[in-house]
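In the part that follows, the structures are each spelled out as structure tokens.
After this come two complexes, each holding chain A, first together with chain B and then together with chain C.
Our next item is the complex of A and B:
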């Protein structure tokens, strides 16, 4: 029985069946695009050629981009402050006795799982309800799930550090804390930073989406312009968005490369 | 070390064995290594050289038997400060931390003496800097002190590992294949460095290696191992090519 379940053929049949079932259960009735939809789509696409570039609007877009970056930076900083200590505890590397290690690891890992299992958008909505449309709502909403994600990844990276250099440090007289400072952390740091930068890129996109609930930033501006059917403005904002992500991407790549070499 | 009498040998092994679930890495072995001796362990891969070295370094525990270091049972020494003052190990892969600068890797040899606070402060502004620089001077790479360790060549990294051992300043220096990954000139270099330090400071040096020439030049005693059993234990002058051929010969089916 077990062999059947694990066999490749069985899995293939199962996956194909799932695909067929899901395709057939979609309601394909009616045309894909509703009446007037094509016209609107064309209008939207045509607007790419004439993005809104009036100085006053560019200033709005710049301000919104800046706000987006600021939220993402603040959010990820708070997420690191939350995720790092939790990650260290969850890795269990500072606790020598096995009896104390497992409860600590399981407890923090469960907490991390809880933090990241609720999406930032849900947190955003909760915080907007609780503290209103303040930047704090966006920052907390980002920091909590991201702290959970970072903490979990930090714990895994800290656990995966090669054992020999640590063994050597223990042999030269280091306690687990000293081994952590002189071996585990510096060995793990490039991977940890690299992952944090990757998460920072994600955070920027997340802030944009979150701002659809009304907390400033590029996403909010896109929403306003879309509501007014000002596609030229939407394109300007989208260009800013692409540029923003590209800049962060280039920057984080440069930092990562410096760390690895 | 208060309890250690200066007349006690560096190591006394009393029918020490090491067994792993499917293999016996070391058959019952008894031997004595005097202080200041320079001993080379020889033998094909899988002969038990590294196991023996790790037993002496307290990295692993024997399955049976007892090891005394400077007259004290090795198992009774607490890992860390106590053991670190007596025995230091240079591993085959040097075991350095690539992201840290050279000076921190060298000063890691001081961790046994330092408090946690001092260790932390030292990462920001190196403590006992002169000790590290002196050790780096000894191995000839003072100018690399503040470079990131990953930027150094293999040979330079090996020197960093030696400098760390100097800073740790144990009475007994163990080196696992210290010249396995370097060219002949550098092998000569590293070994003369180690054996000079050993003779200057009256330290015991124990290393695993393969080359007869190097053994004859830098060591006083050769111990041959095969399949975890002692094959010979002689002054290096009495080791012949023939003995080595027999030690390394491949018998019947291939042995690791």
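Our next item is the complex of A and C:
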């Protein structure tokens, strides 16, 4: 039995079953397309040839892009401030005795798992209800799940540091704090920074998504233009969005390649 | 082992490495200061107001309502009937996430070959025609565009044409993840060991044979790992595309929020957490047997 459920053949069966089940769970007989849906689709696709480029609208798009960047950056800085201490505790590297280490590690790991398992948009919604429609709602909503992810990854990176240089520090009489400051952290830092930069890229997308609950930025402008059926404006904003993501993507990739060689 | 010692000796903030990475770090700090300045001074973000008594009251009120305080009927999460009703939505959500991964996986499998640099122009290229070569840029550009636009925006656009249900949600999630999976798979091909494929080619294998016996056996296991990793992400995001009407738990979440049925919201969040945890565990199992 154990050999059966751990075999490659069983995996194939599972994957095929998932495919069949998911495709069959769509109600293919029902009305899939709106009445007039195809006409709207054609209209939308045709608008790609004539995006709105009037100066006044480009200024709106630029302002929205900056807002998006600002929220993402602020959210990430807060997420680092939250994730770093939690990650250090969750890695358990500061405590030498196993009995004191495990409860703290398990507790913080569980907390981190909870923080990151709820999507940032759900957090945004809860924050908007709790503190009102303020940029702070977006920043906190971003910082909580991202702090959870960063903390978990930081903990893993800190744990994966090779033991030999640390042994050398310990042998020369360093306390765990000193071993952390002069051995573990400098070794782990490039990987930690690299992952943070990757998350920055994701944060831009996350902020765009949060527009849905009324947080300003590119996503909000897309929502407005889409509601007014101004497809030309939608395309302009989509191009801005893709360009923004592309720039951040290229930047973060370049940084990461140099940090982790 | 050696890597750690070398890194410790020449810390990244020193020497040749400082150039670009250090400059980027400085740029990021400047950006962070500018952003916080903009938010606090221009945009009306109020850091102190956040810790005022009023905010605190509203937040505790809200949490109390989630737990069922002040609601006239019995909280939704204590009624078995409600669990069954929302359970059907959780089932739909799960189906949506699997369908999204099916779309993304099939799309990526069909398109990732020309997007790998070593197959587009390198020694393994099956063809030297400029059409094949330009396909590299077309497919990579398409991946960039697909993944650059978040799922929610895709869903908003798609729901203009398709009627609500799990199909538009799965399509939106699938398009975004196709961009990610395609790029990741293409990079796996670029990083693979070229020797088996080269040996097959020298022995006279055709392009298809080289693909089937030299490339796919190396790529598929990694592809599956990425597929599972994306599934873990997709199940978290299903709730988001649901918000704009794509069906499943997210749609109900939005309705319950706008009707102030907060104990329903709490119940939906419980189902959502259960789904996330279940998928994470299932993925851990599948990853083990695919190894």
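A few comments on the model shown:
Rule of thumb we're sticking to: the second predicted complex is superposed on the first by the 251 of 261 C-alpha atoms of A that agree within 3 Å, B and C clash if a C-alpha of one lies under 4 Å from a C-alpha of the other, contacts with A are read in each partner's own complex, and residues count from 1 in each chain.
Note that a residue touches a chain if its C-beta (ideal position, glycine included) is under 8 Å from a C-beta of that chain, and two chains touch if they have at least 3 such contacts.
What you see is a predicted model, and the numbers here were worked out from it, not measured in a lab.
Between chain B and chain C, more residues of chain A are touched by C. In the superposition on chain A, contact of A:254 is made with chain C only, not with chain B. Contact with both chain B and chain C is seen for A:190 once the two complexes are overlaid on the shared chain. Judged by the touch definition given at the top, the superposed model places A:34 against chain C, while chain B stays out of reach. After overlaying the two complexes on the shared chain, residue contacts for A:164 are found with chain B and with chain C alike. Legend: residue contacts after superposition of the two complexes on their common chain; A:49 is shown touching neither chain B nor chain C. In the superposition on chain A, contact is made by A:245 with chain C only, not with chain B.
Touch criterion met: A:67 reaches chain C, while chain B stays clear of it. In the superposition on chain A, the residues of chain A contacting both chain B and chain C are 164-165, 183, 186-187, 189-190, 259. Note for the complex: chain C touches chain A at residues 1, 3-5, 7-8, 11-12, 17, 19-21, 24-25, 28, 31-32, 34-36, 38-39, 43-47, 49-50, 55, 58-59, 62, 92, 95, 98-99, 102, 144-145, 147-153, 156-157, 160-163, 165-167, 170, 236-237, 239-240, 243-244, 253, 257, 269, 272-273, 276-277, 286, 288-290.
Chain A makes touch with chain B in their complex at residues 164-165, 167-175, 177-178, 181-183, 186-187, 189-190, 259, 261.
Touching chain C in their complex are the following residues of chain A: 5-8, 10-11, 14, 18-19, 21-23, 25-27, 30-34, 37-38, 40-41, 44, 66-67, 69-71, 73-74, 76-77, 117-119, 121-122, 125-126, 129-132, 134-136, 139, 161-162, 164-165, 183, 186-187, 189-190, 193, 197, 200, 205-206, 208-209, 212, 216, 219, 222-223, 226, 234, 238, 241-242, 245-246, 249, 251, 254-255, 258-259. Within the complex, the chain B residues that touch chain A are 57-59, 79-81, 83-85, 87-89, 91, 93, 95-100, 104, 108-109, 111-114, 116, 119-120, 123, 150-151, 164, 168.
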